[in-house]
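Order of writing sets the labels: A, B and C. Residues in every chain begin at 1.
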Amino acid sequence: MSCEARLAEKLSELKLELPPPAEPKGVYKPLAMAGKLVYTSGHLPVRPDGTLVTGRVGAELDVQAGYRAAQLVGLGILSTLRKRFESLDNVVRLVKLFGAVNCTPDFIQQPAVINGCSELFAHVFGPENGVAARSAIGTSALPLGVPVEIEAIFEVG
Amino acid sequence: MSCEARLAEKLSELKLELPPPAEPKGVYKPLAMAGKLVYTSGHLPVRPDGTLVTGRVGAELDVQAGYRAAQLVGLGILSTLRKRFESLDNVVRLVKLFGAVNCTPDFIQQPAVINGCSELFAHVFGPENGVAARSAIGTSALPLGVPVEIEAIFEVG
Amino acid sequence: MSCEARLAEKLSELKLELPPPAEPKGVYKPLAMAGKLVYTSGHLPVRPDGTLVTGRVGAELDVQAGYRAAQLVGLGILSTLRKRFESLDNVVRLVKLFGAVNCTPDFIQQPAVINGCSELFAHVFGPENGVAARSAIGTSALPLGVPVEIEAIFEVG
């Protein structure tokens, strides 16, 4: 089964559409390449209708809401990749994820939040190519008040 | 026009001189190479006289002061690059920026702060080679109390 | 003297054993490769008995305790590398470190904390190959309440 087919399957299961590709909030590009590596910019949780999820995990949002926001970030990254490479099947594998969770100081389940993105990528790219190195940190503030921001490094063919 | 000429033009416009190359605050080097990629250490906002800008965005500093601090960080990165590669014209392009803004929890304009560095690089390296992938996050504390810390990946020839 | 011998020397001096290799707290791998580069996941401070160091620097922990936690993180990264590459002597050099310190907002000595890891790597891999680019930031929250999380990029042969 292709990555595109697995994404279609996942979107159907989640009753979601892919959000629009990221629009930079400053002077940067959604992704940049160096050799076979693709560096994505930090992506925010954008709903399919283009609106942003906002709020802090541990306050306005609970872990499950944070997980779903991270899933939206992942879908946004896939949208950015597909815009650039036409098909996700041109992506060889995920190399690295870095996720920052906007949370209260006592919140310690950042990995459970970022899993929303990681499980999506594991589904779409498979358990070998879609699972990679990762860091998850908490923080006190993120752009536009979003609960989670994630950047990724992928390898392309 | 060369990168060096565009930098000279920018410094003249800003009435600034390039700050001294970064001196590590711990056990690290200002930059390290892997193949054609140059990884810079996180740079802090150093004024041309060697003093650091300190303060938190949203409290002691406003967005514009944060922007100018990020511009100083960018100048410091250029100073580090020039020390190592003699001329900025030996740098092919920017690949990735990561910026952390020391700010109050309600501050959400991190991208506008990091633009201080990004717009400098876009001017010096040009709109294609000087604009790349980027993440901007907020945080609650940075080394020595600075408002912004930025690390970069560049490609050299 | 080999890296393995220098590590054995350091462990003897510290009266420590190498902690067990990292077990992912989410959907990721302890490390991933891209060409000759090894990206490690963010590692947490694990004691040789497998328990985690927790607490915030500037509150429950002082700088020295933070330094020792960062040293444990470094040992954990070495444990992960050794599990994958059999011997640390197969690692060519450190390229980049990124460290986040869970600290109070007024704490500004993040570099002194991350030095716990950096000085270990400088000892094991040597002052040229074990010292690289680095960023250290403070933050308000980390997974499982640990005081420090560090990710690294290494080059292998």
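One rule holds in what follows: a contact is a pair of C-beta atoms (placed from the backbone, for glycine too) under 8 Å apart; a residue touches a chain by one contact, two chains touch by 3 or more.
The structure displayed is predicted, hence computed values, not measured ones.
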Chain contact graph, described as a line, ring, star, complete graph or other shape: complete
Turn needed to bring chain A onto chain C - CA fit, degrees, nearest 5: 120
Numbering shared by both copies at the chain C-chain B contact, with half separating same from different: different
Centroid distance [mean C-alpha coordinates] between chain C and chain B, Å: 26
Overlap residues in chain C, where contacts from two or more other chains coincide: 35, 98, 139-140
Chain B residues touching chain C - in the complex, by the definition given at the top: 24-35, 39-42, 98, 100, 102, 139-145, 149, 151
Residues on chain B engaged by chain A in the complex (per definition of touch): 35-37, 94-98, 101, 103-112, 114-115, 118-119, 122, 131-140, 153, 155
